[in-house]
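Each of the next two complexes has chain A plus one other chain: chain B in the first, chain C in the second.
On to the complex of A and B.
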């Protein structure tokens, strides 16, 4: 009766892992420089294309492809910051201007990839990576890519969790809290922000790399994921890492296990799957505009304030 | 002294008259090519040059350009002042994109005839605008039955409609003895139409059909594949044999690639035969080792409009390969033929006016035999009625994967004949 559930959970976990990889960098960007970077999705595309190119020369060499994707996407993220966002932030441009700039950067990157892919005959291609089933759980194949994605997602989450306790991590938190004060305290804000961009772009690139064996790599690959990424981040409260992990899990399970449940028991067609991220955004914005990740810390802060008030 | 004056006057008058006659004669007898102004007619092309169908769109655009270059070379050789030029717009494969492309093309170039768009959904997106502005639309491969509309500006001398394909697909599945079918289909007007026709015929013959519709342009379809796998597993657990179960894919492009990758690691979907539509004969799918090996493993069998071998067809492929360095995508011949039909219609009409062209195109098409090699006869809806489909199975030959013909469907007799399975 519940045979479908185990297989469905496997798919949900894989998709959650991909969502986490591609969206955690956006959370970082929002937390540190407070920029809703709409060009973030393009780093996913760049990561996928890097994997595509690397595997043409080194078929099935996923470790090398992952490292190359991280580096190239991270490098392009820094270049974008230096050439587009940094000058605007220096001029104290409003958030609206920065959002518009990020749209422009996204378009620029997408069409640059489009032109290069067109010249290279790679407008629509597939990396040379074999997807191999390692074992089956209730008929659902647990593939090499599923397992590696899960491993990388856990490693990224653990790394970012402990990263905040490192010197550079503390610097980022200080910048996030008050950049001017952080600078006055002697923190090298420029270096911390550069590291942040490498991590944000690089992790998105790794996400694109892990996604590429299952999808056909096209210049619109990342763009097609943009709304889902924002849904995850909004669900997580925009700047909370725990919230983003929670948001990724909810999105992965909603698009798979929930959809399977609705299809099996209520005959809801799978064509409604794309409704889920948008419904989640609306529900979260209406019920918990601060998102679930942040609301936890907010409620904790409120509790502490209440305790302090009562003790006076 | 009077004589010389009269003589001089007569001489002057004679000179003036002579100059006048000479000038008139020079105008009357001058060579037309030396001063005739070149007349240029625009052929619009709207295709998806980005998105999941970009490889087809690019090949179709190239085919139109090839036809136009050939026509211009011939017109130039006979000293005609008429020339054709091509204006291309990318519609991204969406109905909104197609409408926007046509609006901009009409406003900028007053275009009266357009080759494209590619899919039926895109054609439906721009149909009303084309009708309102009298722009003749010649889509090479839009086959939805919902486009069978009389007296509109969409004429389809290219690929035969889905009513033929649905029948060919259903009869092929029946001839293979399948009793249980899981049919995955794209949620667009063309594939929903084909599903309805195919499943209707199959059900009439007592076949159990489960339909799974999917939304186009999603990043991943693992849940669709898992659902199909679960349905196949249920059929097997209820006592059906593998040879009685089939999966049909009414989808294409990157969506099909994603589903094939997921299905390639599935326990059940790798054990049954798969069928599909003509768009699965796609170079980008066949050049992907993992996808192509799965397609061959499950003996993917498709029904595809028959590309009858003809000197015109052979010349088209040769000229295309010479011009662009690689052979055309399947069905590009329809774009090439449509371009020729459009240009010949303009030459016959002697005017560049959509209201006139819409009346002339059927006449020209019915008397045109081009690269598709089957001849054309348009019905009251302006749609191709001559339908031959080849039944093709994917096989691996050496290191490459190719579709080989294992049978034929004749739209005239509505019969499938298989030569092998």
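On to the complex of A and C.
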């Protein structure tokens, strides 16, 4: 009777892993450059398409595909920052202008992918990766991609957790609390921000390439996940690391286990699944805008920046 | 092979509707400082209220039994009523218009609740964006509310009965009349926003946008003015939705996604922040881009059958976003800069200055 529960728990954990990998990057962006980057989800699409192209030439070569999608989405993130966001931040544009610019970047990247994919005939495709069941737990098959995703999600979380004790991680934290002061004390802010963008874009790209064997890869793949990622981050309080982990677990379980439950017992159709993250965003923003994470210092910094730009 | 008259009429109609939307967004963001990333919600709500109300009203007013508005038979029924029964058609048109404006105002009032509540204002943008997405999903997948994926079709032009009355017997006449009416409404909206923004209300709006703390210390009710501007802006957007549904004939959620909201933002930023004339100019340019890419893709499809016409429509979105990025980086004020507020005293002042200049020129 509870057979659906096991299956949905397995899927929930997978999706939580994907959400974690993708939204950690957005948390970093929000913490370091204080930018709600709506183009973040496009890195998922780019990662998925990189995997698609790499596996066309080297079938089943997953490690190479992962490295390629990390590097390509990371590089695109840096280019986007240098060309679009940096001039705007330098001019101290208001936060809405930055949000609008990130919308524009998202649309630009998305439709570039659309045009390239329709020229290459890959508007909806599947990468050539063998998904093989490796392990069986209580009758549920766990595939190789599944286990690798969990491993990568945990690794990236652990890596980022210890990353903040390294020199560049420390300089990122310094920039996050006061960029001008960090620059004055001799921190190479430019380099730290570039590293941040590589990590943010690259992790989202890896998330996309791990997602690609399970879904149909379309140019709107990332865009459809955009608000879910924002739901995770907003739930976690924008910049909190623990909050993001918590948020991705909750999102993963709500979108699979809760939705299965609602579908079986209340016959709610699966097409309404996006309403879960949407209502989560609205409820969190209206009731507890600081989120359920632990660190509030940076959301305060965000507020201060807003006040600064408003008073000008 | 390209229908020149039809193209011009569609250009004029789309320009009018986009101009109303841009004016409303400009009132909300340019003057009021409320980042409405959910403009498509108000626009789409006006459109769906119009479509649902019209399709039910046409049948009720002609004393027919009510049936499911999504069936083909009811669609055919509605079209015959629209061509044969002028009074009922016009009555349904007017009632749905008034209702959609009222619904837009109510929605704007509801939307201003988070605007007053959240202090970090990009949260407001997020809430409105999410609300617009919720609207799209509910109307797209709920077959009882909005006929599901296909949308509510069969909303004919309210002047289609003119076809049988005129000697030419061509559908151009009702389209011409309806385009003229759209332009009339655009002009009315322009006059309304121009009058509003050049009044004490407009000055208060600008002061709240620039520094809400200062204006509240001067005894102004900041929350009230924000609510008012959201109500006016969203009822204007709903008005545009009403006009659009009668023009296009179908209310489909595809037209009210966040991509469309984004193009309204492009129009506003292109034309000029807090400048009503600029908003109209920006709407004109983006309509031109929109219409000419459409006609370009049909032409290309006709002459090169192997060519994928979607690429043109994709590149339209690409161009829009590129244009916005370039504008934000290199010319954030848009084509027209934010002007002064034309108070009576300023008018007198500029008149005097002009006279003095003239005197100097003559001497």
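Basically, the second predicted complex is superposed on the first by the 275 of 312 C-alpha atoms of A that agree within 3 Å, B and C clash if a C-alpha of one lies under 4 Å from a C-alpha of the other, contacts with A are read in each partner's own complex, and residues count from 1 in each chain.
Assume a residue touches a chain if its C-beta (ideal position, glycine included) is under 8 Å from a C-beta of that chain, and two chains touch if they have at least 3 such contacts.
Predicted model only: the values in this text are computed from it and were never measured.
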Clash-or-fit label for the pair chain B, chain C on chain A: clash
Partner chain in contact with A:289 - chain B first, chain C second, else both or neither: second
First (chain B), second (chain C), both or neither touched by A:99: second
Contacts of A:230 with chain B and chain C, given as first, second, both or neither: second
Touched partner set for A:271, first chain B, second chain C, both or neither: both
Chain B versus chain C as contact partner of A:115, first or second or both or neither: second
Which of chain B and chain C A:42 touches, first, second, both or neither: neither
Touching both chain C and chain B, counted on chain A across the two superposed complexes: 114, 269, 271, 274
Footprint of chain C on chain A - complex, ascending: 36, 84, 87-88, 91, 93, 95-97, 99-101, 103-108, 110-112, 114-115, 118-119, 227, 230, 234, 269, 271-272, 274-275, 278-279, 281-282, 285-286, 289, 299, 302-303, 306, 310-311
Touching residues on chain B, where the partner in the complex is chain A: 50-52, 54-55, 58, 187, 212-215, 217-220, 222-224, 226-227, 229-230, 233, 253-254, 257-258, 261-262, 264-268, 284, 288-291
Of chain C, residues touching chain A in the complex: 29, 35, 37, 114, 117-123, 125-127, 129-131, 133-134, 137-138, 140-141, 210-212, 259, 262, 265, 269, 308, 310-311, 314-315, 317-318, 320-322, 324-325, 328-329, 332
List of chain A residues in touch with chain B within their complex: 3-4, 7-8, 11, 14-15, 114, 123-126, 128, 130-133, 136, 139-141, 143, 211, 213-216, 218-221, 224-225, 228, 255-256, 259-260, 263, 269-271, 273-274
